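Two complexes come next, and they have one chain in common, chain A, joined by chain B in the first and chain C in the second.
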Partner chain A sequence: MKRVLWGGVALCVLLLTGCAGREPENTILVRILAVDRVEVGLRLTAYSGVQDLGKTPGVCLTGEGDTLETALKALRTKGNGYPALTHMTQLVVGEGVPLQPLLESLVTGRETGYSATLWRVSGAAAEVLAGAKTPVERLEALEKNGGVPPPNILDGLVSLKREGQVALPVLLPAGEDLTRGGDRRGG
Partner chain B sequence: MATPKSPPLFTVVGMVKSERVNDYVLRPMSQDETLARVSMGEAYDLMLAGALYNLTATRVSTVDSAVAAMIEGSCLLLFPGMAEGLLCSVATEEKRSVTAPQNEPAAKGAMDSFVESLRTNTSLVRRRLRAPTLKIKEQAVGRQTKTPVDLLYIEGIADLKIVRQAEKRLAEIDIDALLTAGELEQYLVDGSKTAFPLLPYTQRPDRFCTGLCEGRVGVLADGLPIGYLLPGTLGAFFKTEQDKSDGWMVAAVTGILRYLCVLVTLFLPAIYVAAVTFSPEMIPTRLMLSIIAAKQNVPFSTLFEVLIMLAAFEVLQEAGLRLPASIGQTMSILGGLVVGTAAVEAKIVSPAVLIAVALAGIAGYTVPNRDFAGALRLWRFLLAVAAGVGGLTAVVLTAAALLFHLAGLETFGVSYLTPFAANAGSQVEGHAVVQTPLPSVKYRDPTLNTENRRKQR
Partner chain C sequence: MEEDRISARQRRVLLFTALLVPAVALPGRLAEAAGDLSWLVPLLCIPAALLLCWILGRLGDLPAALRRVWGGFFGGALTLIYSTWCFFLLILYLKGLVSRLVLIGAQGFAPILFAAVALGIALHMARGTRGAFCRGTELFYLVLAVVLGGILLLGVFHIKGENLWSFVLPTELVGGIAPMLGVVSLGTLGALLAGNIESAPGDKWRRYGWTTGFCVTVALITLVVVGRLGAPLTAALPAPFFTLVQGLGVAGMLQRVEGAVAALWVLSDLALLGLLLFGLRGTVGAVCGQTWGRRILPAAAMAALLLGALMSEELAVGLRNGVAQVNLVLGFLVPAATLLVARLTGR
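And now, the complex of A and B:
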């Protein structure tokens, strides 16, 4: 009887404290992750795009750290919710960021997966995206209608491992918009 | 009692039909001149030889058997100076007439169903199975009720070991009263450690007879308008008589659909909880955004929301069952539509949860057996809680536990997971899930250990 009672209490505690997974309303779906090289290591800038089907405007969070993991940790201390990388569709890599270690970390990451599209930026990725009005929507449109589709994280990593370099489309600012420049090979 | 010179007549009021007593017993006794002239002893012999208009007149020499027969609806004639009495069957036949089966309707099939009278039920079976090999063995169960319970099987087909086991189980039942289905089920099979029903039952005599022809053993009890088929196997709970009436292709698709619906009713709420809270990457971005939008301002966790809705669904269903049909329907509409919509608008639950739970609930109604659907509902709660605590990993572990539990069940020596687990790797002839054309099913299910396996050329 005591065991049943304690079991019931434990169940109630579990249910009432909500310590079961992460609730969707506390989640910020990151759609674009911009990675730049800074003095301490890496700076991540996450764009959520419009949340709640247009009801809440998108948010932009930044975090810095000497590795991708620490930068992500720093990123997650910002904002009103947990920035989840589960639905990241675009990865924009700034000047000077070593591509292979970054992609390897993302592919093996618990959340990130390998389907996000890769873009390169001459200069700081965060600055290029900051100039755009709706970077998420614009990047997704560029991916769909901008000619040959850019490689995703996995394609990029495979190419890097086989050939030592990968051709990535360069993202260029165009006023409040973004355009696609030519491909640039690099490692 | 008749005239002073006549033998005293005893009946149990309410168990006999007065007209029969008057016409078959009292009238010949008062009007037959021969009977009026002879002594009591001679009258006894004449009555036994047919002086009464009654179909049967039998001797009785003990008080116990006389009382038992009177309770069954006989009248007792006692002759002073004689050690024997005479029993004449004048039982009342007040009983519910045979009607269409309420719980197992058939669009194309017989429209009769079992009733509370055991004799009517055995006659319904006899009308269909005319073979002399159909055997009916009767036992009385219940110290106070002495309820007649019949075991039915076809000699030469059914496994006699199962018959003997069932007979033994029935003989061992030592209870005061056998009045409800549960009192028979719980003593006939040991189902105390499972929520799953171990005895498939049917209201339909045609389905009952199909079961007997498959090699199963039937059980009919007086007072219960259902027939049980032993042994209980998983496949038996998913069959309906309609499957054979439909074209085999339609029946095959319906069969697949039924099993899919079981998966939906069991796993949908759990997978929703696990996917939303633990594995959002499973959900497409647009849908995830929609779920996030719907979840804003809802005060409860996703797990709690799902449990509230599952509980509300159970409450509505239970309330609907306890009310008369017309009110029950109104209440279901009120509960399902009005309260559901209001709960979503009041941000008590999110619409996605409502949809997931409603789909799971509706899918559960495709299971033909109500007891089996009830067991699935219990496990649905458990899976949802597991999903909320440990995500998909916990769901998979709980599903494995369910499979483990089912694999450990058996009735009368036959595995509960038949036809999926007890065929020793051989192909099940006929249909486990997908029905094949009936002419191609030449043999009976081997797991039932039938004496004669071939059922057609």
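And now, the complex of A and C:
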């Protein structure tokens, strides 16, 4: 009886590997997520970095939905792979997007982690990023060399919960480049 | 029965390991009640925890003490109320384990599968000897002590002072005492493990040391969680301790460890579920005989699995928040009253 039991356990361990069928080569690692307010609710624009050690250029995907979850679902129907938010480093929030519910969804949703840097945009975030030549590299360089580091998702949410507002750096277009404007306080 | 002895140290380790499950759920409740100073609440509860420790030490085997003090009929009825308490807690903590695993990263999987596996392992342990179960939990304790130590150490560097200090009314601090004492009162489950406990010289004082250590551990957990997340966010999140863990790590080496920590925390859940099943076995056994104590376990586990599956998440959260009062009555007030009557009547 014991042999059968342990045999069953060993078989389960061998067969139930916990893999969900997502292969690394089919995964698109999203680095920037831009969130804009549109008529239906939210529009997400996701930029990946270069993949396969520079052989595959980065891609840009969009998805719309009435909530963050549905917009993410729509985003995942696009492209030739599975867009994963686990390595997201920058979150750019457009005009009129309610910040607190967005950050709460991201923190409780858990996929993104909460270390991504927060930026605000006056207008549409997707448009500002679309004007830049290499938004992923430029934004990450701005974060490192642009003075006081902007708050990340968690710091932003902690401030919003405690004080009702948070100061975020404004991202500005500069030809084919991006620059950092002054901080703007808001909820 | 003679060979099924456990030492007083093993019982202390078992209780500490098992109570880590409600301990990591406490920061949310404490932050909700006591705000920025919630980390002080566990320290304020140390005298009450030591008092409970003294009461339980005086009473010894609780089912036997209940029958001795309250008489065969009322004592037996009270003991069966303790059985119901164990069964009720079994459903709640089983449901809590599943909710936590689903929340941390097992979305899309059948929750009942997790519950069935965890309960199956706990049942297997509870049908064996207490000695084997306690030796198992000693290993669990070592693993969890290293994991918790690492989390607290890394967590200290993420604390922000402004999150830990603001003006809080003394009444708000008192509001946090009930949830904390509710968890401390679960220590009474250790007195339901009927049978022989081997004591070594100095055990009496070590018991107080471990009780104080548990309260300090809860205070430290609350300190790092509230210090990083702030009281308002801690109170709003469903599992703030694991949200904190999500951001800890060593860049480039060890990141996003919350899944691994949540998986290891199942060891604490197994200790708690096993303790509850042993409590059920001990209390039913004290009234109906040891054979019945063992026989009832599979039926109780099946019923807990079924009721847990049928219970809605909202109801489970409501019951978990309200269970502190039940714990206080059965874990603290009834033993205290029993000792008082025993002293007055000389029984």
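Everything that follows uses one rule, which is that the second predicted complex is superposed on the first by the 165 of 187 C-alpha atoms of A that agree within 3 Å, B and C clash if a C-alpha of one lies under 4 Å from a C-alpha of the other, contacts with A are read in each partner's own complex, and residues count from 1 in each chain.
By our rule, a contact is a pair of C-beta atoms (placed from the backbone, for glycine too) under 8 Å apart; a residue touches a chain by one contact, two chains touch by 3 or more.
Remember, it's a predicted structure, so these values are computed and weren't measured experimentally.
Student: Between chain B (first) and chain C (second), which does A:Leu29 come into contact with in this model arrangement: first, second, both, or neither?
Tutor: After superposition on chain A, A:Leu29 lies in contact with chain B alone.
Student: Look at the residues of chain A and decide whether chain B or chain C touches more of them.
Tutor: After superposing on chain A, more of chain A is contacted by B.
Student: Just chain B (first), just chain C (second), both, or neither: which does A:Gly113 touch?
Tutor: The answer is both, since A:Gly113 touches chain B and chain C.
Student: Thinking of the overlay built on chain A, is A:Thr86 touched by chain B (first), by chain C (second), by both, or by neither?
Tutor: both
Student: Touch check for A:Leu157: first (chain B), second (chain C), both, or neither?
Tutor: second
Student: Counting only touches as set out at the top, which of chain B and chain C does A:Ala46 meet: first, second, both, neither?
Tutor: Neither partner.
Student: Just which bits of chain A does chain B share with chain C as contact spots?
Tutor: In the superposed arrangement, which is not itself an observed complex, chain A uses residues 20, 86, 113 for both chain B and chain C.
Student: Considering only the defined contacts, which chain B positions touch chain A in the complex?
Tutor: Residue list for chain B touching chain A: 273-274, 276-278, 280-281, 285, 288-293, 295-298, 301-304, 307, 385, 388-389, 391.
Student: Give every residue of chain C touching chain A within the complex, in rising order.
Tutor: 103-105, 108, 160, 163, 228-230, 232-233, 236-238, 243, 246-247, 256, 258
Student: Okay, in this complex, where on chain A does chain B touch?
Tutor: Going by the criterion above, the answer is residues 11, 14-16, 18, 20-25, 27, 29, 31, 51-53, 55, 84, 86-87, 89, 111, 113.
Student: Which residues of chain A touch chain C in the complex?
Tutor: It comes out as residues 20, 86, 104, 107-108, 110, 113-115, 154, 157-158, 161-162.
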